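Have a look at these structures, which come just after this line.
Presented sequentially are two complexes of chain A, the first with chain B as partner and the second with chain C.
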Partner chain A sequence: MVWKITDETFETITEEVILSIDGISLRAPQGQSLLMAARHHGFDIPTLCHHSDLPSEGNCRLCLVEIGEHPRTRLVNSCTYPVEAGLLVQTASEKVLQGRRMVLELLLARCPKAKIVQDLAAQMGIYESRFKTDDPEELCILCGLCVRACREVVGVSAISMAHRTPGKLVATPFLEAAEACIGCGSCAFICPTGVIPYTEKDGVRTIWGRDFPLQPCNVCGNFIAPTAQLEHWAKITGDPVEHYFVCKDCR
Partner chain B sequence: MPKFESLDHLREYRRQLLARRDPQQLQVLVCAGPGCLPMGSEEVAAAFKEELQAKGLEGKVLLKESGCQGLCARAVRVILRPREICYQQVTPEDVPEIVEATLMNGQVVDRLIYEAPLTGSKIAHKSEIPFYRGQQPIVLRKLDVIDPESLDDYLAMGGYRGLRKILTEMTPEAVIDAVERSGLRGRGGGGFPTGRKWRVCHEAEGEVKFIICNGDEGDPGAFMDRAVMEGDPHAVIEGMLIGAYAIGARKGYIYVRHEYPLAVKRLQLAIGQARQFGLLGSNIMRSGFGFDLKIARGAGAFVCGEETALIHSIEGFIGEPSPRPPYPAQAGLWGLPTVINNVETWANVPEIINLGPEWFAAIGTENSKGTKVFSLVGAVNQTGLVEVPMGTTLRQIIFELGGGIRQDHEFKAVQTGGPSGGCIPKEFLDLPVDYDSLQSVGSIMGSGGMIVMDHTSCMVDVARYFLSFLFEESCGKCTPCREGLRQMLFLLDEIIHGRGEEAHLALMEELCAAMADASLCGLGQSAANPVLSTLKYFRQEYETHIRDKKCPALVCRPLLKYSIDPETCTGCLACVRECPVGAITGLKKQPQELDQELCIKCGLCFESCQFEAVKVE
Partner chain C sequence: MDQERLDTILSRYEGDAADLIPVLQDIQDQYSYLPKDELKVVAQKLNVPLTRIFSVATFYKMFSLIPKGRHQIRVCLGTTCHLRGGPRLMESFSHRLGVEPGYTTKDMQFSLETVGCLGSCAQAPVAMIDDKYFGRLATDKVPKILKLYKN
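Showing the complex of A and B:
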């Protein structure tokens, strides 16, 4: 990494590599993922489990791209694969499209009612899956965004993936009310299919089997957030918790 | 026994040890391997102890419980050294005769020696038994010689000579160079060149590096790693010491499944001995090199055999693989450079250092060097562990070592490489087995499982069995593997239940291709092999299931049809008494009738009929 002083600020200049995406030579900063590099240059790669604020895990396999030179090519998930100098990347080869179609068809069989899956499938010309649906009401695509948000952004790991393939699900420990949960609702907010249930009624938010009283603003009286969440902030920052009992509009 | 203070001290100790030992010492080695233990080897050993005491031979005859002696089909095995007389299927009742005849009078007990399955000829000496004659043991060499709990036994066989050699005369670069030149490839399945892996890790930046031994052997029917960990634990430790020296690691882990309690116990004991005698720890034998080992126990998830999942498991996270790069050699355990090799790979390393890379590279085929241990199971006469040079043909392994197919049945297929391997038909019996040749016929080397099948196996059912195993064991992290296995299993179930359609076969092939290309880790990428290979080589069986709704091997129960032949039926009512649903009716001494509507196809009538009047198709 090279540091350069510009007029006003320090700016980092990372070393760049030149690679080829769909036959076009382009530059990308070292360490960037193929997905970000491709998207930056206007290539369209669909994703379901990627979020720019979370580490990628390569779960959904929609962002597959083909790398390497014929005949020694292979599919990799572009969200975790770093750019490499001289790398040949194809974002829409026949192999990529076959893999992507199959992934969408499988997901459509799993969650036939999930809007985001329907839309992505329709873009690939798939309106119906040839596979069997176990539960027509299923909405969870097991992308893991909720689990990562809870772990990486909120920092409490109240939920995680449980079991393996046959009964895999997002769950609280031992499927009981989550002790570590602060009721922030990040998981429900980030969920692409809106499958995590949560309700708010009479100043109480209910999520993951627990009721969280909402804290009213000391000034206007509107609910700010669950008290448990404000306490969690106070614990992280070291501020007195009362500091957070005023909503952002009244500060 | 002292703590080794210097490298010369170790050499001197070995010299004295060998001088003390009489090569003509009478020894009785009772196999306590995975095959013999459940058949009662402890009782046999206890009987020997008692009998030797009774005959006053305690001081003259040395009694040991050894590791796996290979020919598990004939458990409990006993080998008498130095004459190498092998006794098989020994019970405690046979012990007095063995002591009396062989140990006291030097005679062979004929009824307990090996009998060739085809010719019936009797063979007493290990070196003449065809099962052993065709082998070239490197990893299994010491298993039927040493007591796995004795460090002295290991030292007497040249143990820790490799460690001494690298510490006295080799730089880490020279060690990596030697392993690279030997051509050793990972024995856990992937077949990645071990030396190259070490070099990447050696060259990776960072002060702290780790090495891991992958002992998470989860393939159904495979037990070679278990046999090595239980029978020769110090070989694994020595291999890891050499690897640690080469890449610059100070700490290592042996990941063993919790279901292998004896392996855990023996490894713990061996690690304790090595620490006590200064072979593990800081500043080993005052060489300046320090290394220590810890055992990490796995909870028995098959996917934890995948290296990145295994690393997550050691770290305390869910055993799910993560995409590569970064490779473990760059960023593995706790994000630090890590070399991870399989048990058998580590056990090969001391021998390569001792005898030289050229010796090793002279064994095997062009791209696969050395030997491979296979656990030969299924419909062969002689099941057990075999170690053969790479390039040995399937025919040699199955028919010469394995003694042919049980009950003289016809060979149908052999499934290699564990649950995600392919089924190889008889056209390829003369295929020389190595990493590349197996891949070329749609299978894999895997960790070395070899399941032999005869005409009583239905290939659709076989594919379904392995798929159901993989479905249960897939971690479910990525979509193609999780949902693909679910759908594949459903399609196979439809075929087995007579609801299959011709279009299913093309859909399965399409799904197989996508799973192989798009899955995250090796489990998903290879999970389609059992289906793809059976579709390729045994397609007519699928078609018979779909078109004629019949299972030619008479395995798929929903497709079977039982009927009673009125000509042959004597009306003995044996089947009527057995039938759990009352589907068979008729008068005594009159032909019976079977109600197809009620029949649940359990087959009890078929088994109970003594007149072969119950037909099945």
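Showing the complex of A and C:
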């Protein structure tokens, strides 16, 4: 059988090894993340901060699994733990479920209004948190997807995590309008709770405290994207920027 | 912005992204804070996104984005110091200087802050001024110590 690698964090084809997930022996390439291996074989592991196009950082801790042999087991993030030969993994043991419930309760205390957190919590039978809520209007779960998307996919690094808990937040440098931002809106698009403010009105997109004029298509006149973003594309590809002033429908 | 002063700091490093924290430490030592314009130059020279520098600068407690005083006073509020009267010591410093912890006096002489543990629990309660330790402190010793640093 030829193994087709689909895991984004997995570049070179390595040896396949046998490991056990929930008592079932199966094969997975060594070094692939436990999460990808388990999902590939149909095991359900909930996640908040995992995205197939971005490197895993293990921020949300929802993907906890139990590894090792009883009684010396421990909980690890399956998104950052690599597959090893002979590893014993449990994805739904009592310890895992307990850990996951705790994580959800903490997330619910951080942002009680976030729909995605409410839904995941409800699935585990949690409807309220025993912990203190600092800000009932808070929506950011600090998953870091926006920061990673901006850095890894867009490649401009306009935003990052600033300060540290409890005051940690996603911010632009010096909390001012971000100079590096190209207004592409990837951060707002990828955000699971829709917390990044973003408006589009009269051909102007406002995001991270800056106004970006949108470029109308030279042929049909519909807005394509912020001019700054098209200029960024031109810079990467080396094409003249006018090349991108025609929308993909008119090309 | 003092370009020359910054250049002497930057010339000591090779300009790798890995030099970021040492460079920031040097700037913090020399300027007593991290000025915004200087950080923009550092971002360019080390080829590090400005947002990453902001992230690092706000994460570590040794860095400050607002000017700090000439002398840093750190009052220990670790477990042992807490039990041996650290909070009262803190209050005394705060009262004498007229600033809350985390702030700098108007004359820019002293910055006051609390720390978790200074690693000298046997000497509790401990305070640190710049790089000098003061152990077994009592509130009545505070004016005397401050006098040493006032000019």
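Side notes on the structure shown:
Assume the second predicted complex is superposed on the first by the 237 of 251 C-alpha atoms of A that agree within 3 Å, B and C clash if a C-alpha of one lies under 4 Å from a C-alpha of the other, contacts with A are read in each partner's own complex, and residues count from 1 in each chain.
In the analysis below, contacts are C-beta pairs under 8 Å (C-beta built on N, C-alpha and C of every residue); 3 or more make two chains touch, one makes a residue touch a chain.
A quick note: this is a predicted structure, and the numbers were derived from the prediction, not measured.
When the two complexes are overlaid on their common chain A, residue A:Ala180 makes contact with chain C while staying clear of chain B. In the superposition on chain A, contact of A:Leu142 is made with chain B only, not with chain C.
When the two structures are aligned on the shared chain, A:Asn59 is found in touch with chain B, with no touch to chain C. Touch criterion met: A:Arg164 reaches chain B and chain C at once. When the shared chain is aligned, chain B comes close enough to touch A:Phe131, but chain C does not. In the superposition on chain A, contact of A:Phe212 is made with neither chain B nor chain C. In the overlay built on the shared chain, the residue A:Tyr244 is in contact with neither chain B nor chain C. Once chain A of one complex is fitted onto chain A of the other, the partner contacts of A:Arg110 are limited to chain B, with no touch recorded for chain C. More residues of chain A lie in touch with B than with the remaining chain of the pair chain B and chain C.
Common to the chain B and chain C contact sets on chain A are residues 160-161, 163-164. Those residues of chain B lying in contact with chain A across their complex are 301, 303, 318, 320, 322-323, 325, 471-487, 490, 507, 510-511, 513-514, 517-520. Within the complex, the chain C residues that touch chain A are 36, 49-55, 58-59, 65. Residues 151, 156-164, 171-174, 178-180 of chain A are the ones that touch chain C when the two sit in their complex.
Listing the residues of chain A that touch chain B in their complex gives 57-62, 64, 74-77, 80-82, 95, 98-99, 102-103, 106-107, 109-110, 130-132, 134, 141-142, 144, 160-161, 163-166, 168.
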